[in-house]
Amino acid sequence: MLVRMDEGAGSADVENVVRAIAAGGGDARVVGSSVVAVSGGAGERELAGLAGVASVEPHAVPYKLVGRAVRPEGTRVRVGPVVVGGREVVVAAGPCAVESRGQVLEAALAVAGAGARLLRGGAYKPRTSPYSFQGLGEEGLELLAEAGRAAGLPVVTEVLTAEEVALVAGYADLLQVGARNVQNFALLKALGAAGKPVLLKRGMSTTVEELLMSAEYVVAHGNPDVILCERGIRTFETSTRNTLDLNAVPVLKRLTHLPVLVDPSHGTGRRDMVSPLAKAAAVAGADGLIIEVHPRPDEALSDGPQSLTPGLFASLMGGLAGHLALENRSLAPPGGARREQRIDDIDRQVRRLLDERDELAGVRGDCHSC
Amino acid sequence: MLVRMDEGAGSADVENVVRAIAAGGGDARVVGSSVVAVSGGAGERELAGLAGVASVEPHAVPYKLVGRAVRPEGTRVRVGPVVVGGREVVVAAGPCAVESRGQVLEAALAVAGAGARLLRGGAYKPRTSPYSFQGLGEEGLELLAEAGRAAGLPVVTEVLTAEEVALVAGYADLLQVGARNVQNFALLKALGAAGKPVLLKRGMSTTVEELLMSAEYVVAHGNPDVILCERGIRTFETSTRNTLDLNAVPVLKRLTHLPVLVDPSHGTGRRDMVSPLAKAAAVAGADGLIIEVHPRPDEALSDGPQSLTPGLFASLMGGLAGHLALENRSLAPPGGARREQRIDDIDRQVRRLLDERDELAGVRGDCHSC
Amino acid sequence: MLVRMDEGAGSADVENVVRAIAAGGGDARVVGSSVVAVSGGAGERELAGLAGVASVEPHAVPYKLVGRAVRPEGTRVRVGPVVVGGREVVVAAGPCAVESRGQVLEAALAVAGAGARLLRGGAYKPRTSPYSFQGLGEEGLELLAEAGRAAGLPVVTEVLTAEEVALVAGYADLLQVGARNVQNFALLKALGAAGKPVLLKRGMSTTVEELLMSAEYVVAHGNPDVILCERGIRTFETSTRNTLDLNAVPVLKRLTHLPVLVDPSHGTGRRDMVSPLAKAAAVAGADGLIIEVHPRPDEALSDGPQSLTPGLFASLMGGLAGHLALENRSLAPPGGARREQRIDDIDRQVRRLLDERDELAGVRGDCHSC
Amino acid sequence: MLVRMDEGAGSADVENVVRAIAAGGGDARVVGSSVVAVSGGAGERELAGLAGVASVEPHAVPYKLVGRAVRPEGTRVRVGPVVVGGREVVVAAGPCAVESRGQVLEAALAVAGAGARLLRGGAYKPRTSPYSFQGLGEEGLELLAEAGRAAGLPVVTEVLTAEEVALVAGYADLLQVGARNVQNFALLKALGAAGKPVLLKRGMSTTVEELLMSAEYVVAHGNPDVILCERGIRTFETSTRNTLDLNAVPVLKRLTHLPVLVDPSHGTGRRDMVSPLAKAAAVAGADGLIIEVHPRPDEALSDGPQSLTPGLFASLMGGLAGHLALENRSLAPPGGARREQRIDDIDRQVRRLLDERDELAGVRGDCHSC
């Protein structure tokens, strides 16, 4: 059951609906201006009669909280001062792995200068072989955070286990779940309480629906700030490392209100293919990109063959701007979230004042229906 | 062995190289200004010494004739007055199946008006079920050709069997091999002698290399005019009909000199996804698109759910133009081939005159090396 | 609509049902003792009232004629004196390609001696590369047929095109459709009128349902004698040439009445894996196997790495016998069809006599219901 | 580098080789009677000259410790009194999830009675949806262990996170890593120190090589007792839940010395297909099976459609016995490990005595070469 609230409905109205569902034995969650009964609950007619309720609809998708219908206007996820989702397209860039202070700082400054709004870099690296470089660990987190501060960029990095969530969240602004962990449900549950937004990468053989169910885990466990990421799937084709599934972009945009990024670096595995596919992803409707950039790809400890040089990255960013303009979108400007934040603050204050006025006037609920 | 000829080499020089390879027991083919020994032949040193030879290289790819190295500048395929390959991007559009005179004519005029340069439409339809509409057959060919003439568009249509090649070639300007026939070698061989260019669609589970080998069949059997087409591959994902593999576009452009089209209609199977993926394909470097357009998709006898209306198609064409301009390309203008044809004519006349002069002067070969 | 006839129903009863369906605008086909309305037709109640009708059921599967319900007892396909389908398991064996009189004769005698009941061998070879050995053509057919006669084995060989069906049917007892042609509908239609049974191989990315639809093509076009063959599908796994899908065996046995063979040679691509997977396939319920055997695999012109030596094949046959006995099945003995044929002859004569008696007694139909 | 030791080599000889490799900067591990340099180390000639060394070979596979060459005779993993690996085939059976004391006890007694040697049952269930039954947690572990004791069966159950390894290892005899965690490297590392053997399931899209690399993680982190399990891969086919890849059985047996189980329950997803595929897996060479059995599958909280009834399971076990006998194998008898254990004890005592004698006689090394 999906209960949409009136625009003017107050928080007391919302709580009222939640209570009614709970009273009927159901489990209700609030997402934006909707209340979702993820199970059982009060009847359609009863809910429809409550104050502030705009509509009550059946809600048959299994991904109750992240389904598009719950928030048709889309979710905007704040990563520090950056907003992911909406008209502005956010590019995260940086090295596959944090290797040294110099390397990550050089990368950070380069990508910031070219217009990236987030710095990526791995401190804990999941590697197929136990004998490959596994990342610098916490030292890597420190170097990444330091480089992010120096370049004025919030940082995104991978967290591998539930127990490391708190540690990583102490350094990172956006917590990445890698493709191999997309159905690591213990990790997803822990991220529900992480207090930081989550970047959830699709697995190599994860269906779109399974990806949404994994996002649902995070949201159902308390964290509404999830960003999805298509990064290539595994097929019979061997000429590229993965097959980037750009079909997934419009499909996801229709099925969910969560923002969708694309990772053309892993999606292709080849430097010369990153730019064309990055632009293609943007044109297909992605809300952002995540791109591997290394000051000297040939010396990279991992994923060198798919890393852009700073020069190639800058050139890609130039190309992206034009294509986005044609789609009535733009690259996110620096500090672009501040204005939005102010608007939201005002909205919240107005709402609070109106709620108070309602209460004082003793007419709460009634006025919403006139 | 790949023998590149000097720019100024004459046809007698080329024949000389072919003869030298044949004398060594090899099998030589001429593609553009290269001679390829698809097997055996004379030694590297011997060939390098012949008149007009610029370089002799080993040529290890299995797709001897369609490998990029053979013609680094790329192949331009003429479809009537339309040129596929090069800076200009060609859009083929029309109904999945020819259903009636009115339907195909209406579609043809609509897509021509919106800037399509080729009319597509199926007369022989390969259908999974023997009980589904199988196409109008030769009557469909007639109606398609008639509509093409009315709209001023060359037509592309599918040919299903080797024995029908001559019949279909009597009506069509471009002969399509469908995904299910990509390894129908009897058909590919017959198309080698079709006298019309070929549009070869990748199969649902055809690797990039297999696609190139199938193209090699057509070229090796005498027809150099092959256009490739990515149309979606079969993966585990079920939310779309196929998974459009845009990675294949830059991969193919690097591996082969043949033009590459993309079919976002079959590649997605859903009307609302055709435009974003069509634009993405263009940005990723496709040399053209093939798109299903039906005057009234809801009444279509096949593939209605993935067919654009004329209105949506026109709007897509508008969007494409801008994105292509940013990539320093453009939609092919009407009659755009005429100028190119004139240039090629002049080139050929000049070459012939110079050859004649060489012969008269008895200095053929020598002058090329100074 | 699926109309099952009484055991005692006569051919006139069957014709009556067919006529009733046709009269209602439907298209009726007879398969065994069922009549299937592949489209439209008379109503359930009307049909149920006709003489000799045991039951009338809805028949929702898209593969109308090959669905299991149509012939729950299973179809037995005669290939010369060999019966495929039923308790006895038939093994076809022989070289990938017919290479010479000596090679195919040696292979034929070896596999016959080891208990194979059919001789396989390719005269027309579909090869990925135009430069690979393409088979001996009609000469190969002659050599194959000759070897089959010498060894006392009916022969199975691949036919590549509709136009070659008559030629190949002149030599072969069983016409093979290769994996790449599973949706070559022109070929399937032609095989409907071939007058010889058909071995239809599943394609590399053909779903079970698509395979059944392709079989439906052959049957709907007039040829009820189709044998299916699982030969490995294409997946992400690269350690074997294909992934043999033994799940398909019980799935197919439940969905269709057609016999199901398995090809462990292509299904694995590796000699050392053929025997374990062949036995596994038999245990999983396959009605037969098709196995590549070459006198000297190392000299084979194609598929050497997956061909068994005669010694390995004989050893496999020994192993198979025991496993089949445990499943209450057995390897088909030589000439095993003769007894069955005699039983069928008697059945037919009895049926004919009873029909005649019915007619004379003027009680046809009535007596069947008592 | 792979150093095989003489049969008679003592532990001091082994240590000597390890030291020599370490002295050369390499990293050496002992597996059975081999020493593997997983990186760098002393030269081939130097090592070959050491006492007790039988041979020194290059060792190019990336899965250094689990590659077949390291232990050509195969690894036998002890799970309580049960030995997995070797001539005897071990069947693990039980419910998908532990649901109640009664359910798991009933299942345990039934499968033990039918010849299962291990009891399976999930206490922590990874579920695609956060709203599905997630298992009873530690209570489930207690009930499982209790039922195992009652039935005389060691128990195998899934562990989802590194932090729960110690908890689960307190109850379970064999720790299962589920398909979704096959590349959860934090978990794999933790299992290296678990002190209990590990059952590692192949992921839905894990290649054979990746599976071996994941096993390598566990072994490299200190735990040599790893059992692999094929449980079906994800393909385009939708008629079954997964595609059971029986090719993987002989492939794995050739590439690794670790035992290989097959899970036909998940591999097919359908009760009626479990038995044929279980027998097929055994015949293809699996060292064991893991099968879902539920007293009342229709009431199961998870995976009911693929669970066998106790009756079907007993019937399958009867069928398996015969097929295994034909392959010169057998179902593991109860307590079958005791004899092996005694043999190993004797071996170890003899070895120790001989080592001691060597040391006293001052002739260690020399005598091994005579």
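Chains: A, B, C and D, in written order; residue numbering restarts at 1 for each.
Please note the rule applied: a residue touches a chain if its C-beta (ideal position, glycine included) is under 8 Å from a C-beta of that chain, and two chains touch if they have at least 3 such contacts.
Computed from a predicted structure; not experimentally measured.
*Asks:* Quick check on the interfaces: A-D is repeated by which of A-B, A-C or B-C, going by over half of contact pairs matching?
*Replies:* B-C
*Asks:* Looking at C-D and B-D, which pair shares more C-beta contacts?
*Replies:* Output for the comparison: C-D.
*Asks:* Once you find the CA centre of chain C and the CA centre of chain D, what distance in Å lies between them?
*Replies:* That pair's centroid distance is 41 Å.
*Asks:* Between chain B and chain D, what is the gap in Å from one C-alpha centre to the other?
*Replies:* So the centroids are 53 Å from each other.
*Asks:* Give me the residue numbers in chain A that touch at least two other chains, ranges are fine.
*Replies:* Within chain A, the residues that touch at least two other chains are 205, 234-236, 238.
*Asks:* Which of the residues in chain C come into contact with chain A in the complex?
*Replies:* Spelled out, the residues of chain C in touch with chain A are 205, 234-236, 238.
*Asks:* For the complex, which residues does chain D have touching chain C?
*Replies:* Residue positions touching the partner: 205, 207-209, 233, 235-240, 243-251, 254-255, 267-268, 272-273, 276-277, 279-281, 283-285, 319, 322-323, 326.
*Asks:* Quick check on the complex: what are the chain A residues that touch chain D?
*Replies:* These residues of chain A touch chain D: 38-39, 62, 64, 126-131, 160-164, 180-181, 183-187, 189, 203-205, 210, 213, 216-217, 220-221, 234.
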